[in-house]
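Chain naming follows the written order as A, B, C, D and E, and within any one chain the residues start at number 1.
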Amino acid sequence: SEGGNVDGEKAQEIKVRINDDPDFLDPHLATASISYQMILNMFEGLFAPETDGSLSPAIAESYELSEDGLTYTFNIRDNVKFHNGNTVKVEDITYTFDRLMGTKNGDPLSSNFNNVASIEAPDTDTFVIKLKEPNSNFLYSLTALQSAIIPASNEGKHNDNPIGTGPFKFVKYSPGANLELAKHEDYWDEKLPYLDKVTFVFQSDDQSALMALKAKEVDLTGVPANRLAEVENDFNIRKQNNNSTLVVTFNQEREPFKDVRVRQAINYAINKGDIIDAVFSGYATPIGSNMSPAMGDYYKDGLQDVYARNIEKAKELLAEAGYPDGFSTKISVSSHNDMYSNIAQVIVENLREIGIKVEIEVVEWGIWLERIYFGRDYDMTTIDLTGRPSAYEILNDYISTNDSENFFRFKNAEFDKIMADVLKEADRDKQIQMYQRAQEILNEDSASVYIADYQVLWASDKEIEGLKSYPFWFHDMSEVRFTE
Amino acid sequence: MAYIIRRIILFVVTMATVSLITFSVFQVMPGDPIRIMLGTEADETQVETLKKQLGLDQPLHIQYMDWVKGLVTGDLGDSIRFSRPVTELLADRLPVTISLALITLIIVVIVAIPLGIFVAKRQNKLSDVVFSSVTQLGMAVPSFWLGMLLILYLGMNFSFFTISGYVPWTQSVVGALGALLLPALTIAIPQIAVKFRYVRNAILEQLRLDYVRTIRSKGITEKFVMYKHVLRNSMIPILTVFGLITAEVVAGTIIVEQVFSLPGIGQLLITSISYRDFPLVQGIVMYITFVVVFINFIVDILYSVLDPRIRLN
Amino acid sequence: MKTLMSHGKNINLIVGLLILSAFLLLMLLSFFYTPHDINAMNVANKLRGPSSEYWFGTDEFGRDIFSRIMKGTQTAFFVGALTVSIGVVFGTLIGGIAGYVGGWVDEVFMRIMDSFMAFPGIILALMLVAVFGPGIVNTSIALGLMAIPSIARIARSGFIQHKEFEYVMAAKLIGVKPFKIMFRHILPNVSSPLIVAASISFAVAMLAEAALSYLGLGVQPPDPSWGRMLKDSQAYLTSSPWYTYAPGISITLMVLGFYMLSNAIRDIMDPRSN
Amino acid sequence: MHSPQVKLESSANLQENMLLEVNGLKTYFQMEKGKVAKAVDNVSFSINKGETVALVGESGSGKSITSLSIMRLIPKPPGEIVEGSIFLEGKELLTLPEDEMANVRGNDIGMIFQEPMTSLDPVFTIGNQIVESLMRHQKIKKSEAYEKAIELLKIVGFSRAEVIINEYPHQLSGGMRQRVMIAIAMSNNPKLLIADEPTTALDVTVQAQILNLMMDMKKKYGSSILLITHDMGVVAEVADRVLVMYAGQIVEEALVKDLFLKTKHPYTKALLKTIPNIEVELHRLDSIPGTVPPAHLFPKGCRFAERCTYAMAKCHEEDPSLIENSPDHKVRCHLYEREGGM
Amino acid sequence: MIEREKLLTINHLKKYFPIKGALFKGNAGQVKAVDDVSFEIYKGETLGIVGESGSGKSTLGRTILRLMEPTDGEIIFEGTNLEKLRTRQLVEQRKQMQMIFQDPFASLNPRMRVGQIVGEPLAVQKMLTKAERAEKVMDLIKKVGLTKEALTKFPHEFSGGQRQRIGIARALSMNPKFIIADEPVSALDVSVQSQVLNLMMDLQDEFTLTYLFISHDLSVVKHISDRVGVMYLGRIVEIGDKKDIYSNPLHPYTQALLSAIPVVNFENERERIQLKGEQPNPSDPPAGCAFHTRCPLAFERCKLERPNLMKQSSGQLVACHLYEDGTHNTKDTSEDKILVLQH
């Protein structure tokens, strides 16, 4: 950051490097995790996500759940102000949900609220949501990630001039260059924020970003693991478990991946350690299912070691499945991040040892999405599944047959049943048990080869404090400040 | 006059063909911009809504006609990814790319032409051989690698240089120079290598012609032969080459902006291609080709100023 | 060969041929032998500096860089050769027909070529790669298409010039068919600038491939490509700078070889220079 | 008409009247592999004041190189004047410093070249190119120079001189350009005009115009002319004296009538017979077998011996010297070594 | 020569070129390279065509062989109307008609061996067997004065005169009856010129060839021709027997042309007619008689009316208003003549 201010005090202005532009500034339209990394500083929902995966009250001061688990009654916090100075009214909340569900005008913007039967605003401080079916995970859809509260008066301008209630307000967006935010003076938590100005600088290239950091052109950036040594001494380093799931997976509707033994054989053949060393310079946590240790209690430990490398066993399994000499297949990876083709190269080498000949096909990200992800036209692929704050979403999305994003085409009745039942379970301990069982199933059934949750290595100015890590991508600037 | 009219017609025809090629290429290009933008988290409902909003459900020829109509009126449409007018996005990025290109051009011109003359005067001497070897080496180095090496050896060692990102001129002139000098050098070095050779060859070519002998036979001294006659005549072929430079420098900026993380048009272009942001890419490509074709058009006109054989035809 | 030998003094020719034959030998050798398996990973051994075992060091997977450079000659020559073949075959065909037939055929062909040339090369390459997809063959096709216009122009001007020559008239007079006149009579006579252009295209193709690979759109793993290696090395530029030198110098040398060769050919074919 | 015989009697007169004297000129070209092209090999001749000397010979015999050597405009490398001396009114040109030589060019010696199409700078106006020459050697103002240029153009036969002066070379025809070249060459009243095949590229009718113009200019300014040509008709019509070159050497030198009527060298004889002549009807033309050898492959002995019908054994062995057969008739041939050879 | 047999008849032949670089067709005009030319060529004779550069001589030759499509007019070769023939028939007809070109460097394909060049016509036309072909090629090469070693060499290994011989051998390979020689000796050195001219004359006798001999050199044309035609700006202005043209030129242009030739003659000084100005731009020829701008004898009518070729009492055909009635116009014009005395 540039110089100090007049009295020699450090200016409370930060420059944070971000890999890419946000897709939308309108929080209801945005879907890219990179967008939330920035815009969550501007928006709040009824609840706020916490660093340990739990929720804390935000615009809703408190709530009550009816016996049948269907009716949520929220008590709205007083005197929460939008960036434009207006106080948040229950009409704004109604407006927000109407907009998301498409009930008043236009198409629905989100399918998260398909389970909502009705919304009501019985008085100025109270907001009521009625569900069609109980869902223990429902509160998770009430954060700014899924339902940021926005003012009705800003209709039509949510993307160009976004207004929210968060600790920072929108100043200027220069596509491809940066996004500037400024302190929200009327923020309801009077102590916060400390910073006067936050600039998110877009820079896709890690190497350049590192140099920008060294040149003090940015204050905070993720650095590539292989260059950590260069910055370790001069900067604060935080290693954050990304809560993402790096998988090498297969199309389980296709032969031979239909056969669980083939999947297990592959699991035994792949050397996670090598991948972690070569691709992440060791900065990654091996995992055994979709869940990462970042999720705290929900995480089932030990699964990561189940498929310790064992070529003999792998060969046996392959033989049992009827492929004693292996087979030929293709791994299709996206070119947008070199990580994938690098992993693929290790896979090729690893699987060659058990007789599986793998051809690498590199396609552009757009093609990967269209053909592999949505088209399900592939044999093998590797991808990093973005982390989410809710254990349910982590396990359900991409995997469960009742989710449209299940591009593995994984099918397991027990798993599906657990995921259905857990929603009706209100008790957290029981939920945890169910989630842990689900993780075991994924592991036993080799839903995919779970590699690792790689760490993001944040390097920041030594004078910066108050940085928080979430189990999803969010640069929370609310408590950040420069010290002497 | 007929010459100029013919050039103008050629200019228009070329631009029309360019627009058709650009548009068609994007039609056959696989990949759906909306899906790319929304990524794996895409919600079917969102996808459908967006598609309708952006008019991507229209038939192709209508999309093309609309686009061309827009081009003519200066409206390049809205970017899908940034949902903002392409012209605005271009305007944001242009200062970077134009500054870079201009600095590069200046470096190339002030180095290549004197160097070319210098070497031409010493034809077949040792310096000619040395320069010719250095030239070829300069042409052979991949520009981005040259950029990497410059970063490694100059950028990291001298704080004057900003090795990533851009400092606007309005903020600091020295800062802007520090940010642009290395990338400009990266593009300029191979260009100088090629261009000074052209200058040298053009001059040697002229020196072989009969009229030079006539001038010498009048008792005109070598200095005048070179600077009044030969150089003036060589300018015609040299100009052609320096016309082509625009295209090459622009091409150079695309890669180099990537190496130095400069937020210019080139960087925007590359990301937009992978995002399949059709309106934006088409806009950028049309803009760049327009500049290139336009400069060549100007060069053609300049010919007629320099060369009476064309002017007075 | 006689003409080649008589230019023994030509530095370009000697050095150019020397470089290229060295790479050619390396390529031939790489079909049978490389010091290490080019794909064998040994992560424990990653990013080792040059040593007697690993002449150019190892990469981030612990693979032998020298072996991969050797194998990379195959990719380099393949991309170059495919690109040049496409460029020369179609460029000559289009330019030849446009030049020889003339009239509106010429006008149409050349306007299209002009338009293609209006695109800065790398943009066209990026767009074409986006259409065809990345990879060694697709990249070569894209680069080959890019090479067509300039070769077509050279061919065209040769054909225009030569179709007026009296030997062409003599051939017409004895009843030689147009196609045969174009390709049996004229082509051999306009081939020198085409050969020069082809060898320049080779160099340009290698640089373009490197650039595309640098942008992540060129040759893809597991094909070892110098451009790709250069890109990969960027991540280790400060920590292991020697990683970048092997592929960087290889590309530079190979391109240099082709440029020198093209200059030498030009000198030999054009008696005026020197 | 002057009569050289009279003047040759006294050597004092000879000195006084002599404008240019070339002695033992050798101009060689360095070729690949150390081969040497002896383009001009030991050439000596002189030109008197007011005289028109024709230099004839086949293509490649060294005519142009001889004239360029006088101007010291031999491209170096590869060419170089390796030996000899050239005196212009007693001043040795070959040893002059370059800037003094530049003062001689265009001032004392003017030159016209064969190719009118390419001999003028295409991007400057006609006027500009004449003025440039005037201002280089005369201390005059630009406006004055322009007036003079117009006058010169009128002298060389342009009625629209005021218009022509602002035109560019490509707007003029070949004949017109050659007239402009003459205007440039004559702009500083040179003592010697060298014309290297000034009419070869022109049509016959235009050729006649140009030759006439040159002769007029000569009369007007009293210059000498060294006219290079291979057209024997031109030689007969305009020259006083003729030098015949073959393979880099002068093989015969004579007054014009003597050359045609008392031809001595077998080469000259053969050359004259090969030319179709509209004045004489012949069924068959004589021809000289073979071709001129290239300058780096001159044979031993007499260079014409291979093609000569009179060749003797000696001719293939020994290089004949230029014999002064009669006061102004010299011939390089073994046949004339002793009096009354043929 | 009474009752000579006609080999080729040209009637009102025209060849116009559009002007290049023009923006729109039509408005920029045309170059009338050959403009309404008619003449006959008789078997076994040599018709010389002379004229200044750009007068349309080469175009005339090429149009006759349909190497260029005529704009208008008839070409009748031994009773066959050439301009109506389709490609196939034309190829057949062309075996009778060959051409020798001016530039001995450009007229031989530098990448072909001499044997190939001379034998190619036979190969293309699929005449004779391979062995017979080889024999014929050998024959021809000897006929034109080269040795059999020549067959395996490339054109650049020969001198200009030798190359021209190769071109002649190629032309002869199909046993043509008629040869158009377009400035066959202009590019050659004087000493070699005569070799080639002699060869052509010898071959004419041996194979009873008919020549259309194009040249700008009046001495050469006089030497080789039986009849001579004089071209000026795409038109024939005078045509007739050689002796008539040379001893009694009628057209002022012919007169000027002949008088302009420098000759070796120390006895009598010649009267030289000097023409004013330059040849006009062929894309914009003067109206009326195209020569009137340079003609020392031009009068009013010449500017307005184009003269036609008329038979004169002295034998030749002349296109000049001075000779409209077929007799010499005796109008005194000596005032207008610019006489220049030499020496």
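Heads up, the rule we're going with is that a residue touches a chain if its C-beta (ideal position, glycine included) is under 8 Å from a C-beta of that chain, and two chains touch if they have at least 3 such contacts.
These are the chains along with the protein names UniProt gives them: B, C = ABC transporter permease; D = ABC transporter ATP-binding protein; E = Dipeptide ABC transporter ATP-binding protein.
Here the structure is a predicted model, which is why all the values come from computation and not from measurement.
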Neighbours of chain E that also touch chain B are C, D
Of B-C and B-D, the pair joined by more C-beta contact pairs is B-C
Name the chain whose C-alpha centroid is most distant from the C-alpha centroid of chain D. A
Any idea how many Å lie between the Cα centroids of chain C and chain D? 52
Would you kindly tell me how far, in whole Å, the mean C-alpha position of chain B lies from that of chain A? 40
Using mean C-alpha positions as chain centres, tell me how far chain A is from chain C in Å, no decimals. 45
Report, in whole Å, the distance between the mean C-alpha point of chain D and the mean C-alpha point of chain E. 32
Can you list every residue of chain C that touches 2 or more other chains, as numbers and ranges? 130, 133, 234, 237-238
Multi-chain contact residues (two or more partners), chain E: none
Of all residues in chain A, which are in touch with two or more distinct other chains? 336, 364, 367
Over in the complex, which chain C residues touch chain B? Could you list them? 11-12, 111-112, 114-123, 126-128, 130-131, 133, 203, 207, 210-211, 214-215, 227, 230, 234, 237-238, 241, 244, 248, 251-253, 255-256, 259-260, 263, 272, 274
Complex contacts: residues of chain D adjacent to chain B: 68, 71, 73, 77, 99, 102-107, 110-111, 113, 115, 118-124, 132-133, 136-137, 168, 170-171, 181, 184-185
For a test of understanding, state which residues of chain B touch chain C in their complex under the given definition. 10, 13-14, 17-18, 21-22, 25-26, 28-31, 124, 129, 132-133, 136-137, 139-145, 148-149, 151-152, 156, 208, 247-248, 250-251, 254-255, 258, 269-270, 273-274, 276, 281, 285, 288-289, 292-293, 296
Chain E residues within the chain D interface of the complex: 52-53, 159-161, 189-195, 197-198, 201, 216-220, 222-223, 246, 256-266, 272, 274-275, 278-279, 340, 342-343
Per the touch rule above, chain B residues touching chain A in the complex are 30-33, 35-46, 48-49, 79, 81-84, 89, 92-93, 151, 155-156, 159, 162-165, 258, 260-261, 263, 267-268, 271, 274-276
